[in-house]
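Order of writing sets the chain letters: A, B, C and D. Residues in each chain are counted from 1.
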Amino acid sequence: VTDIEFRSDNSAGVAPEIMAAVVAANSGSALAYGGDAATAELERLVREVFENADARVFPVGSGTGANALAVSSICPPWGLILTHATAHMLNMEAGASSMFGGGAVIRGVPGNDYKIHADGLEAALGAVVIGDPHFSQPSVLSLTQPTDRGTMYSLAEVEAVSKIAHDHGLRVHMDGARISNSLVALGCSPADLTWRAGVDVLTLGATKNGALSTEAIVTFDDRAAEELVFRTKRAGHVTSKMRFQSAQLIAYLTDDLWLRLAANANARMARLTAGLQTLGLDFLNRPDVNIVFLQVDEQLKNGLADAGLLFHEFEPGVIRFVTNFQTTASDIDDALERIAALVA
Amino acid sequence: VTDIEFRSDNSAGVAPEIMAAVVAANSGSALAYGGDAATAELERLVREVFENADARVFPVGSGTGANALAVSSICPPWGLILTHATAHMLNMEAGASSMFGGGAVIRGVPGNDYKIHADGLEAALGAVVIGDPHFSQPSVLSLTQPTDRGTMYSLAEVEAVSKIAHDHGLRVHMDGARISNSLVALGCSPADLTWRAGVDVLTLGATKNGALSTEAIVTFDDRAAEELVFRTKRAGHVTSKMRFQSAQLIAYLTDDLWLRLAANANARMARLTAGLQTLGLDFLNRPDVNIVFLQVDEQLKNGLADAGLLFHEFEPGVIRFVTNFQTTASDIDDALERIAALVA
Amino acid sequence: VTDIEFRSDNSAGVAPEIMAAVVAANSGSALAYGGDAATAELERLVREVFENADARVFPVGSGTGANALAVSSICPPWGLILTHATAHMLNMEAGASSMFGGGAVIRGVPGNDYKIHADGLEAALGAVVIGDPHFSQPSVLSLTQPTDRGTMYSLAEVEAVSKIAHDHGLRVHMDGARISNSLVALGCSPADLTWRAGVDVLTLGATKNGALSTEAIVTFDDRAAEELVFRTKRAGHVTSKMRFQSAQLIAYLTDDLWLRLAANANARMARLTAGLQTLGLDFLNRPDVNIVFLQVDEQLKNGLADAGLLFHEFEPGVIRFVTNFQTTASDIDDALERIAALVA
Amino acid sequence: VTDIEFRSDNSAGVAPEIMAAVVAANSGSALAYGGDAATAELERLVREVFENADARVFPVGSGTGANALAVSSICPPWGLILTHATAHMLNMEAGASSMFGGGAVIRGVPGNDYKIHADGLEAALGAVVIGDPHFSQPSVLSLTQPTDRGTMYSLAEVEAVSKIAHDHGLRVHMDGARISNSLVALGCSPADLTWRAGVDVLTLGATKNGALSTEAIVTFDDRAAEELVFRTKRAGHVTSKMRFQSAQLIAYLTDDLWLRLAANANARMARLTAGLQTLGLDFLNRPDVNIVFLQVDEQLKNGLADAGLLFHEFEPGVIRFVTNFQTTASDIDDALERIAALVA
């Protein structure tokens, strides 16, 4: 049997349009370190796409780099970063935020559906004596949209917790490693989901959705942007051939490519989860975008593996399926057929 | 009415024996930065008191400095420090461990009686994939003895969790800000409670128990000691007139002064809590040493304050009483009398 | 007139063989974060090319990232990194080594021909009291090969200063941003120039010599490698689609491509400098590889610019020409013709 | 023979007035961490003494702590701290400024008489491309007054270089480890030598001039003060019994005690250097305050040591004599007599 890739959207390849843009960019020479025409064009395009004339964009090499540098630009070393207890930044980035943040502290906030809600945020803020230097001072709210568990904030939810954050003097970061999937699922504009909803600094994911070698930080806050000029460089995230990253991001944001790629991943997941439900399987999360978690027994897990389904065992007994921009309709049909045979 | 001091053992003054030692040390001149005879004598004495010929002692200026520097000496920058969810180091030290640790991450472990138990520790260790760089790697177990909530680990409990830690390659720090109170309460030797039970590096508290201007780190681990030579200096915790800190610590450890001072605090608390129970008041913690927490309504809280009882309002509705080396029998009698009048 | 690119080898594009490898790698899916077959093959190839069965390779996103992470893996936070007073790491990397090094200090050592020699190194070591924590402790010698000023250490020179470093307990880093140019110029093997000459950790440059989006750290020291597993990740330099970096590096190191590309750059520079000398122009450096510096007056500088020669004004009155893997014989002929017209 | 102490002013004891203040402060209890009456009184007094109603004071444990925390409060992590090539902060503080500064870089500026002059400062500033993130950005000018080599800036010199610094957007730190010696030598007011001359943040030395266990940071800049509230705490430099540090500083600044103590040290040095000149010995520095350096041969050096003169061998062949607040007239007479016997 042919393997079917559901391990991670990181496992997918590069979208043809993006690869073509990279190949096309390899012509002539250019100033290094972002002093090239493509990088200037990228900034123009980001401002257009996000409908914000002051937005700035900083291509970086990875999501961990983007997240940690983004929050370091809006958090003092004695600051406290509040994020959901299940957030990638808290659990899977090896303390990068504390390192780039000069010893800043990141703390998990509980909340159902893997999201921070008003009550959880207010409780976390209330546990700190503001101005008392014994306490790391709340400085950043980081929202993951969609969450690592495949759920999603509504626009109203983003606005609500961002408002509380701003009212308490925090700034708001959005980890948008898969933000295109949320944009598609919500049907809202990039501006609506970010700065209009209170986001100051965005991790704009691209790699999970078809890019080759770039993610980006987008800022809607001048101070953050000023800091990032220096912070990205000394982190080694300002590459000499930045133009090849910029070319990828231009292709990605042009003609809604990012949304079309994400729409495929979302649609495939919708078909997959509908099929799983028909088969009587239920999920641990509401599969709002392209990720679903299932509780499986040892026998089913092994059966799925033997049947050529590639998945990630998240924790004992819990497996994750992720669709991506390359997942095809027949991948889903084949997968459901194989699963049906197992659960029959 | 005269105020009675129960806010914190930090609020107390300096023990007469220690003040006398400081005054006596002010004679002649000496090499700075620990190159003096008193500091050499202190090291000899620490080795004798802790029955460990390789122990090293590093006088530092504060408990926060001692804790953060101690753990930084046994934790790589990508390490994870596990401590109880209520630990001072996690909640009240402004991220000092992350700063001195180069971005190391500290995480709270739940556990009843404000202590880390085997199951909690094993769950925390099990949540990390060892060797996978996405995860901060468990490197230090930090035990607070007694805990900030006034409870205490038994010797067997220290040994049990230290063994698990060592078996997983972690090293063990003990935050002994009030270790003398535990030594008295347990009736065991300093060696038994520390290195013989698996402690690699100790924060040896002195200020809360009668010292003027010093705490200390005591190491039972050569690598940690080698690092601390440099780490304490660049943190600004190697003072030029270290001999005056060493003189305090010599007086503190001589003729069991530290234990006698702690014994007073413990005995006063025992009398206070016995009296409170007689009055029908109950506690939120088992008052093993010199700290008790009570849940009080607004009326009683205000009454206590009006009656000249100085206490710390820990959180809304919860107050803390702490006795110290200076608390007298009549302080307790007076306090109980005033409380009795309020609860009558 | 057509511009001729001499600003920097960073301004060049991507070598066709490397671009082809990237395109070819975009097939199927793979485990992220280096868990793929190409990355495994890269490690095998590095061990073969460097004739060292224990070598490890870590693809990273930039030279600054490679240098700073490399030295952080062999330097304690209280360490001193010694490099030449003109080194890139000291002057052009925004303090990255101090950040990743946890506050480590980097200090410039003077030396003629832009190189560290035995006397300069010994003087720098002699200025520090080893073991005295007032002094940042010498921990790393970082050699730039070739230097940023276009000169080069002989094998004997690398061995001589590395031996002094090792004898004093330091470890040796080589900033090989352009190491392929030196390998060609010296005609020696990668092993001879690195670990056999005393190098513990190497920054293996690729971007300046035709790669698209990768540099690498190569270690010949197990401790450094163990640290880099974690240090690269938390710096955001472990990308999810690492296989596309590995594919570039495999192409780069296969069939001596890196040496052939560098040989072109060196040969073009040799022709250029020979021509310049014929024209009576002299250099500030011995142009051992692909870089030359000239002192020019305002009139000549402007003339060169007007003539379509792209160069970098290094400091007032000093300009730099750099050739690269794409520079053609006719580029050089045209350039010399235009220069001849100006100096006539 | 009796030893005569010239090694360092750090080797001296505690001034009787200060010890008396510490003993007197040991009465009753008080809020910890600076929430006490003495610390409030100290702030009032500092404002009076420095004639600046917005000044803030932060007692800390050491000069290294004071310097590093002071500069960290006025320097971004990507900043460059400029200080003299011979400054303590650059050479003898183990990289503390880089650690507390989050990887900030400190660079030495040459200048005769061990001072930074306008030309040296301008050259250092000119070597950096402002706004280009390859370069650590000049952020702090740190002046040592008096210098570690016993020379001194005039008021006009402080003003001149501070003005250049401010004109370039830097803020100015003064390492006043021995500022009282300069105040006496210059006969100017504390306000004149600090904020009126352009100093934003001051390290106010006390330990070398008679204090027991405290130095202080004094700020004339609100932003720096706001940062120091948090920075001092997480560095472990906010002690629970701060009132005993405040008591020392109150005594120190009351009735000009600090100036009287420094005046003794200066006067003794003046007498010593006059005597040395009479004996035909010359100095390496202009001994403006209480420090003198002499070049001596091996025979004289050993003779001085055998004669009971305690001094510091700064480097081979160079020795340092330092007088302090306790040095007596007969110390000097005895010393000169013994030296005379040696050089006869």
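Assume contacts are C-beta pairs under 8 Å (C-beta built on N, C-alpha and C of every residue); 3 or more make two chains touch, one makes a residue touch a chain.
Being a predicted model, the structure only gives us computed values, none of them experimental.
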item	value
Distance-maximising chain from subunit B - centres being C-alpha averages	C
C-D or A-D - the one linked by more C-beta pairs in contact	C-D
Euclidean distance of C-alpha centroids - subunit C vs subunit D, Å	42
For subunit A paired with subunit C, centre-to-centre distance based on mean C-alpha positions, whole Å	34
Subunit A and subunit D: spacing of chain centres that average the CA atoms, whole Å	50
Subunit D, residues touching no fewer than two other chains	33, 77-78, 93-96, 99, 102-103, 133-134, 230, 233-234, 238
Of subunit A, residues touching subunit D in the complex	33, 76-78, 102-103, 131, 133-134, 137, 227, 229-234, 238
Subunit A contact footprint on subunit B (complex, rising order)	77-78, 80, 91-96, 98-106, 133-136
Complex contacts: residues of subunit D adjacent to subunit B	5, 7-8, 10-14, 19, 22-23, 26-33, 60-66, 68-69, 93-96, 99, 207-208, 212-213, 230, 233-241, 244-245, 310, 326
